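Working notes, structure below.
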Amino acid sequence: MQQLLVWQNGQVSTNCSLEALPGILADPQALVWLDLLLEDELQPYQDMLSSKFKLSRLTIETLNEARERARLVEQTGYFHLVVHGLAFDVENIEARTPKLDIIFGHNFLISIHREAMDWLASLLDEAHDESEEHLMSRGAARLLHAILDTQVDSYFPVLDVLDDMSDDLEDKAVTDASNEVQARIFRTKKALARMRRVISPQVEVMNSLITRTGDFIPTSAEPYFADVHDHLVRTFEVLDSYRDLMSGLLDVYLTTVSNRLNVIMKQLTIIATIFMPITFITGVFGQNFAHSPQVETDKGYNFWIVLLVMVLITLAQIWYFKRRKWI
Amino acid sequence: MQQLLVWQNGQVSTNCSLEALPGILADPQALVWLDLLLEDELQPYQDMLSSKFKLSRLTIETLNEARERARLVEQTGYFHLVVHGLAFDVENIEARTPKLDIIFGHNFLISIHREAMDWLASLLDEAHDESEEHLMSRGAARLLHAILDTQVDSYFPVLDVLDDMSDDLEDKAVTDASNEVQARIFRTKKALARMRRVISPQVEVMNSLITRTGDFIPTSAEPYFADVHDHLVRTFEVLDSYRDLMSGLLDVYLTTVSNRLNVIMKQLTIIATIFMPITFITGVFGQNFAHSPQVETDKGYNFWIVLLVMVLITLAQIWYFKRRKWI
Amino acid sequence: MQQLLVWQNGQVSTNCSLEALPGILADPQALVWLDLLLEDELQPYQDMLSSKFKLSRLTIETLNEARERARLVEQTGYFHLVVHGLAFDVENIEARTPKLDIIFGHNFLISIHREAMDWLASLLDEAHDESEEHLMSRGAARLLHAILDTQVDSYFPVLDVLDDMSDDLEDKAVTDASNEVQARIFRTKKALARMRRVISPQVEVMNSLITRTGDFIPTSAEPYFADVHDHLVRTFEVLDSYRDLMSGLLDVYLTTVSNRLNVIMKQLTIIATIFMPITFITGVFGQNFAHSPQVETDKGYNFWIVLLVMVLITLAQIWYFKRRKWI
Amino acid sequence: MQQLLVWQNGQVSTNCSLEALPGILADPQALVWLDLLLEDELQPYQDMLSSKFKLSRLTIETLNEARERARLVEQTGYFHLVVHGLAFDVENIEARTPKLDIIFGHNFLISIHREAMDWLASLLDEAHDESEEHLMSRGAARLLHAILDTQVDSYFPVLDVLDDMSDDLEDKAVTDASNEVQARIFRTKKALARMRRVISPQVEVMNSLITRTGDFIPTSAEPYFADVHDHLVRTFEVLDSYRDLMSGLLDVYLTTVSNRLNVIMKQLTIIATIFMPITFITGVFGQNFAHSPQVETDKGYNFWIVLLVMVLITLAQIWYFKRRKWI
Amino acid sequence: MQQLLVWQNGQVSTNCSLEALPGILADPQALVWLDLLLEDELQPYQDMLSSKFKLSRLTIETLNEARERARLVEQTGYFHLVVHGLAFDVENIEARTPKLDIIFGHNFLISIHREAMDWLASLLDEAHDESEEHLMSRGAARLLHAILDTQVDSYFPVLDVLDDMSDDLEDKAVTDASNEVQARIFRTKKALARMRRVISPQVEVMNSLITRTGDFIPTSAEPYFADVHDHLVRTFEVLDSYRDLMSGLLDVYLTTVSNRLNVIMKQLTIIATIFMPITFITGVFGQNFAHSPQVETDKGYNFWIVLLVMVLITLAQIWYFKRRKWI
């Protein structure tokens, strides 16, 4: 799906034909924003991109690759920026990091992605409306900032979800010794590793955006990009600290499992300690001899005396376990 | 809540009206300190800040965000510094890190926060009093230093609390095998991670405060800021080493749990090792045969002889366990 | 095995004699590509390399060493680049990292390796064919890029294999408590450590390829090499995150083993808790006294009453275990 | 306690009055060494330090703080160096890191500490004696070197103590499964963390001592300070590697505890495996039936036959356990 | 033991007297190599070193210390390089890292060591022989390279030994649960830590050898030193990855121990689960009542029927354990 927005002479037009593009691009005051949501392949748009926007072969190749590291490449007449979105599927505990290619020059910006992104869709909607201070009225650099800022802001809800999940896992790790907890901790760790791998190069790239794009970003806009950079760094640090927490949680879970074992073994030991001695006593009086004292001296109370002794032994043991806080 | 302090012509006035502000700010010898304790939103003060102090839109936006990374942003005519307080709730083992925005220029300083901070309140009280060497008499840079210094000093009581708690947890981890210990260790670790995440960027920021503010900080004041920086670094290192200790404590706790299991299993094994053999003997003499040696040869002592043998076996076992230091 | 390709005057020749080499190398427009697949020793080719290509003694020595760290050495008239391939044997969980020496100057490139490499073979095949845009038509730098690019691309299938294997191990670590799982995790970790050790210096080397080769790489080709560098960094990061995952998996496996122990101990405890009390009861009524209440008061139902009591005790215990979710 | 040494005109005097100090400090050839061993507070010396040596308020404040990070501060006319001693209490496994403030200018050096330090005391003693090449005869820089060198050398005996203790703990961790071992390992780890935290900034400071003191240290003396720096780095690395060892030791101890559990459980299993089957056999022949084969067919040997069978079963089990190397 | 080799006028002489040394050292074309193998103390050679070679007091002091960190110190007229050998005692699993001091100037090189080093001995032997391209014919820098190169090459056999040992330990950790395995892993880790601590600073030093020795190393020799540096880095990386492996092995060993416990507990549980129910049955029929159904209804088969039931119960349990893959 393709959306073409042209800002020229103080107003935005959305029904501009591709044929008119070269003329518009020749006007330094105009600003063209082309958004491509690829169904599958870049193929249908490839010719248009190389003929109208003069994209190089290397850029086209990179656009075709589904998994790329975030980076900023300078090419003749334009820059190619690769960044990534963040999404977290709580059900399956899986991270998705869809690639977003941004190609920008002094009066055009192309955003290319394979997945629909909500935040980008609402930015495009906003750009369709006439408004007092239009998104595209302040030039390509500020449009780029608007996109990057909205993108990084879209990370924070993901962090909030992770925060809730980590609190939940924390409670579970202490109370629940089932196998599922460890699987969930491990998968969260894996998802965090993936997000981290995607955000980490993005931090560098955002850092070099100001220094390496020459005069593309006016000095007055620099603090805005620095702001985006700071948000990215915070995202990275939060992801990092969650990764640490998950490692810690696995240890906590392991001790919970060990503690559970202690509880089970205590029960076994209590049962054995109580019943072994008294069962032994029944064995003693169950022996067959020609002369057994308990038979020969029995005045009818021996059975009850022995039973009483066994009850007393049991009570003594229970008292002992209570004192050691086992039961 | 808003407090406005104006230092002009060698004395401090606290009842200055907002209307007089532009005039005062035009006097390079004056110094204005505005402290805003936001109830909830920045909204009521937003207009005043942008009209009287010429704060940019980006600054206003950042002020509105509750969670920000520490940083220093240069804007036209002023600097915007974001730092954080540290507080530790021992009961719930939770860290709080309230944000403090400081906006400062050559003759004004604005401190904005959402939580009341004790140390800031006493600084403000001090500034209300006339004193020989007034807090504001040495210019904005020294006022900034006073605030940052007092803030960083407010970290040390938190570190002391952590130190006590860590000693306490250390004792518990070796002696107490209850589930609660691991939960406390983990929560402390989490709280430390949070504090660390807030202090870490603050170290960098403090480092760049001298280099990036140009001539704002006079050379004579630089060692004072370097001192604050060093205190911050020490705080960070202490937090870091506590984090390491907590990881170590979880391991200690795990071995304590394992040791406890050993104690339990020893008891079970002792019980089983003592009673199984002698119960077997009672079984042997409890069998029914037409000719049983213990019956046919019984001269009345067999019961006692068997009992004696069982006592001897038990004593031998107890001696053996004593030698192996099991009991 | 030796393959010699010469690009001169717009066409490729493969049957060029070694004697003609000095003449060709004197032509700055020509390009010579010599590929040596060593059976065992460099010996047979050593003289040719030092006489025709003027390789220094140090270079010859380095070529002779089977295991070398990736690096780029500048020598008079040529550069010596050492890189490594990646191969992963899923059966034995072993990594192989065959060395590839590339020696290149302004109009020649020599590739020397001890193992056949599929991707290099297909590149050579491609170079044998006449094609519109021949591999060697754009000079030594682009030929070098083609080789390095194809080599790094040959890493990605290995990463995919590792990905599948890690998913598989992840499932096994949670469900299977056999000794084999831990051996597999450990060997994977070892293989990853080896790959990492080989890729890590290669990243640096690729980074310095542009800066340290002077004018060898034309500015227009730099983004191509930067692209290869980025792919290498991604490979390194992926290997790194797998290494982390493996460490985490060993922990997961350990808790699985502990959990399995819990399950076994629960069974033992249930059996003991059920049978010890009722066996004790049979002991009580198995004793021999002159006057046993159960004998003297027996109206023919005592046996059944006792049996019923034992059944009730057992049912009560089963109910208790069910409530505690043990069975 | 205060000691004042003055080197002037080629000889040392120890009974110089404070009043004469300004005159002496005015002589660029003289060298004053003041050592202050504070009982508790700096208070009694504060005036003297600020009036005679012109120490700034910031320096005085820092001197008053008991715990400071190692650092080097340049002030007008002097440098303020903060370093720390190392002491290790083997009994309680506790590290002490007393602070030592050194304030030095071109012709004076003040050492201030709250704890007596043996190495410093002997340096002072040495300075009291007349000797051919007096400690103070080569200027302030060489005196500073002498102090720092002796101080760092005083670390090595501590490292030796740690080495012995670590060997001792290593043996204990493998053989002794008592709770005390883990407590000792953990406390050693904590002590090492504290030492490390104190040495780590000292390394930096020593590094910057040459570069940041301008012409204070003559070029000829630089290798001497580099030597001290190298000793410090070695101390740091040794502390670091001990910290790693302690973490490893806790793991070793944990496996020792687990191994001990295995030994206990083996014993329990052997006892149960031997006695359960034969006790069952006695049970079989202890049953009461109207017709019991062992009674009806008894020719007087049945008891012995059954006993023999039980002995054989026991021997078979012992043989089986021997083969599996359990006993 | 002392060996003095002098290269002058194209030939080597080994019987040069110490008196002739000043004359030789004055000849910039000559090259002197002095090797000192100290029995115990440097004392006997100290005077000669300071008078003939003008070594400074600091250098002499450093030579006297047995344990030093690798470093390069520039002194007037010469450089002082400290490096270390590597040796590994497989029997006791202990690393030795004998110090080697190399003092070199433009026309002399002194090597001082306390332990005999095989590789150095053979280099000296080689230097005694007349050969076409003598070791000392290319100047001090190339002689230094020859020594350092041979030294670093002497590390690789140690790495090979470590490789074999690590493979061996890997097998043991999975199969053998004896206490000895963990002790061996820990000691290997400790030995690796020691080697690493010695190699790590050597890498830096080798790196700075080119940059900090000014014109001592001619540009043509730089790649040779870079080669030695690369070998050192590889050694360091291999040591590092072994250290990681050892940490992983301890985890593997711990899970092996846990697995072993599982096997033991399974056996115990199987025994208890089989014998407890059938022993209970014998108990039931061993009770004494006036009216026991099994006695009163006995037609001579009851004993056998009960036995059959017990056999069936046992078979059912065995089938159940087989299905759960316990036996």
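The chains carry the letters A, B, C, D and E, assigned in the order they are written, with residues numbered from 1 in each.
Here is the rule we go by: a residue touches a chain if its C-beta (ideal position, glycine included) is under 8 Å from a C-beta of that chain, and two chains touch if they have at least 3 such contacts.
By chain, with names taken from UniProt: A, B, C, D, E = Magnesium transport protein CorA.
Owing to the predicted nature of the structure, the values given are computational and were not obtained by experimental measurement.
*Asks:* Using the contact definition given at the top, which chains are in touch with both subunit D and subunit E?
*Replies:* none
*Asks:* Trace the shortest sequence of touching chains from subunit B to subunit C and report its length in steps.
*Replies:* When the steps are counted carefully, the minimum from subunit B to subunit C is 2.
*Asks:* Give the rotation angle, in degrees and rounded to the nearest 5, that superposes the C-alpha atoms of subunit B onto those of its identical copy subunit E.
*Replies:* Roughly 145 degrees of rotation.
*Asks:* Report the inter-centroid distance (CA atoms only) between subunit C and subunit D in whole Å.
*Replies:* 40
*Asks:* Just give me the whole-number Å value for how far the CA centre of subunit A lies from that of subunit C.
*Replies:* 25
*Asks:* Going by the contact rule already set, what residues in subunit D reach two or more other chains?
*Replies:* 251, 254, 258, 261, 265, 268, 272, 276, 279, 283, 286-288, 292 - these are the residues of subunit D that touch more than one other chain.
*Asks:* With chains as vertices and touches as edges, which is it: line, ring, star, complete or other?
*Replies:* ring
*Asks:* By the touch definition, the chains form a closed loop. What is the full order round it when you set off from subunit C toward subunit E?
*Replies:* C, E, D, B, A
*Asks:* Applying the document's contact rule, which stretches of subunit A touch subunit C when the two form their complex?
*Replies:* 58, 62, 67-69, 71, 73-75, 177, 179, 182-183, 186, 189-190, 193-194, 196-197, 200-201, 247, 250-251, 253-254, 257-258, 260-261, 264-265, 267-268, 271-272, 275-276, 278-279, 282-283, 285-288, 292, 294-296, 298-300, 302-304, 306-307, 310
*Asks:* Show me the residue ranges of subunit B that touch subunit D in the complex, using the header's touch definition.
*Replies:* Against subunit D, the touching part of subunit B is residues 170, 174, 223-224, 226-227, 230-231, 233-234, 237-238, 241, 244-245, 248-249, 251-252, 254-256, 258-259, 261-262, 265-266, 268-269, 272-273, 276-277, 279-280, 283-284, 286-293.
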